[in-house]
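What follows is a group of structures, each given as structure tokens.
Below, chain A partners chain B and then partners chain C, in two separate complexes.
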Partner chain A sequence: MSMTSARIVVPKTAKRGEVVEIKTLIKHPMETGYRRDHRGQVIPRHIIQRFVATYNGEEVFSADLTQGVAANPYFAFPLRVEESGEITFTWTDDRGSTHTEKAEITVA
Partner chain B sequence: MYAQLSGLRFTALTFLAVLFVGGAAWPVVPELVEDGQIIPESLKPEERRSGTTFLSEALRAQQEDEGTNPGMLWVTTGEELWTTPAGSENKSCVNCHGDAEASMKGVAARYPTIDKTTGELLNLELRINQCRRERQGAEPFPYESNEMLGLTAFIAYQSRGMPISVSIDGPAARHFEYGRKLFTTRQGQLNLACTQCHDENWGRKLRGDTISQGHPTGFPIYRLEWQSLGSLHRRLRACSLGVRAEVLDYGSPEYLALELYLAWRARGMPIETPAIRR
Partner chain C sequence: MSKSRGEGLSRRQVAAGIVAVALVPLAAGSRAAVAGDQISTALEKITGGAPVTEGRVKLEISSLAENGFSVPLTVSVDSPMTADDYVKTIHILSEKNPVAEVVKFNLSPRMGRAKVSTSIRMADTQRVLAVAEMHDGSFWSAEAHVIVTLSACIDGG
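So, the complex of A and B:
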């Protein structure tokens, strides 16, 4: 996923105990492996298989993706924040490529 | 074939009507045909509607929110490329143009435009590749590449909300006239002109979707059918295919002229890049 890009929305600050919404987008073809090109050759499967979000090292959200997920997957999830820290997002595809994004959140 | 025959019949009817009514106004003639060209019933300014207004509430919300609009992924790509040195000159866009937020504001609203040195009509894609060749000493980006879509999206994004305002005077005039002619000329096995769908039948259904007015306000667009961002010329190629006409090359003189005509037709409408379309 070298040429990829990802976007994440994480509030910069939050109150202790607040539930904030986290939004993530990543550019990925999510090629199903069922399609054929104009020569009739099967286009090899190329999908993200796993998405994990951790908050100060602790897993707070994860998903296993399959061929049914559209290109450029979007995930949003609520997160209760108790302390300042770092949220890390990691996507791993079936070719072993990973992409990581990080965001800081300050809890007052 | 049938469409062609019915087109001929309309022409014949018009002719007969003119014969019998003696040149008086004929109220139910759907179109005037002159030398194979249809004189369009042009849209009144207050009638014009961006493709966004034909979207569902959910898709409109997705487009408006930069955290959910997938087109923003390409804007991010373009933002990175803006500061990435390339070519034998090892220069990036930022070396000449500085901060894009200031220097590129309103630029996309003026394109396509005539290049002052060559006198040729250039759209954003061709201008970027001109920069790459002449200023960076780099290979041009393939028209529909990730990089080209990223840079055009990033540049047009700086003009979001600004009114489209292209020049059709002077050396642009012949391109404009050519574009208008293409828009109003029947083509392909279905023998349809752009104007027949996008001026005369917008808002009606075609293959389960609503026909838009064809305004180029959001390009490059994230089209759900493509599962990707795509250029205006990619969309025009889909239209050419749809009427079973010859599908022309990206950046062809025909599509460039059409791009100019479409931009003029949408004059004053705000840029929405990156827009979502079905």
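So, the complex of A and C:
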């Protein structure tokens, strides 16, 4: 399954030195690998394993996930912005599928 | 839950362990290890046996979760988040989920504040431990107990 649907909330503008809140959500089943289908077959594990946020190319926050994270993983975290630039978000699942979102922030 | 609990420890052994721990005078740093065997094992891997002190970490999670499939939590750590004083990682550990480690957050001084929110699955009524590793290698923790009405992992996703 490809990961195509993600939502991110990043302020368009901020003051220099301001700590802004960033919110991300991606549609993903986070299949645990413990469930069985109606024929009794184990449904294979399928989870996002890693989430990375970068700010002008530098990693600022990341998460290593297990089956314990709820479906459609949601993360909210702060970021202190010192200059205008690009914030990127990348999710990678255990089938090697990745999804990237980008946002621009203007710092006055 | 489809994985057996206790990891080979009998109920009696676990009970004996709890009693043994309870008999030891409680230093501030020893509280975290009481949370449950699965948590203790995971904690040992994370800290390599270094002491974990209760404090500096705040774990906000509902004490009564009606839906174990998605339980919101926010973890924050008292830290200035500067280049020479910051939180490196925060681990969320569960006492009774099939996998003890729920999620690991890797933080950086660029965040400005040490505060992260997410939603987790909870297989059962249980304790949750948040452990933060500081830049200086010290470990701090906060614990919460959550009653789960509808368990994750029984069926459905």
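Definition applied: the second predicted complex is superposed on the first by the 106 of 108 C-alpha atoms of A that agree within 3 Å, B and C clash if a C-alpha of one lies under 4 Å from a C-alpha of the other, contacts with A are read in each partner's own complex, and residues count from 1 in each chain.
By our rule, a contact is a pair of C-beta atoms (placed from the backbone, for glycine too) under 8 Å apart; a residue touches a chain by one contact, two chains touch by 3 or more.
Computed from a predicted structure; not experimentally measured.
Partners chain B and chain C, brought together by superposition on chain A, fit side by side with no clash.
Looking at the shared chain after the overlay, A:108 reaches neither chain B nor chain C. Look at A:65: by the touch rule set out above, it reaches chain C but stays clear of chain B.
Once chain A of one complex is fitted onto chain A of the other, the partner contacts of A:26 are limited to chain B, with no touch recorded for chain C. Of the two partner chains placed by superposition, only chain C is touched by A:35; chain B is not. After overlaying the two complexes on the shared chain, residue contacts for A:7 are found with chain B alone; chain C is out of touch. Touched residues of chain A were counted for both chain B and chain C, and C has more of them. Of the two partner chains, chain B and chain C are each touched by A:74.
Contacts of A:55 after superposition: chain C is touched, whereas chain B is not reached. Rounded to the nearest 10, the angle at the Cα centre of chain A between the centres of chain B and chain C is 90 degrees. Overlay on chain A (Cα): least separation between chain B and chain C is 6 Å. Residue overlap on chain A between the chain B contacts of one complex and the chain C contacts of the other covers 29-30, 70-71, 74, 76. Listed in rising order, the residues of chain A touching chain C in the complex are 19, 29-32, 34-35, 55, 58-71, 73-80.
Of all residues in chain C, those touching chain A in their complex are 2-3, 69-71, 74, 81, 92, 94, 97-99, 101-108, 110-113, 115-121, 153, 155-157. Those residues of chain A lying in contact with chain B across their complex are 3, 5-7, 9, 23, 25-27, 29-30, 70-72, 74, 76. Chain B contributes residues 66-68, 70, 72-74, 76-77, 80, 146, 150, 227-228 to its touches with chain A in the complex.
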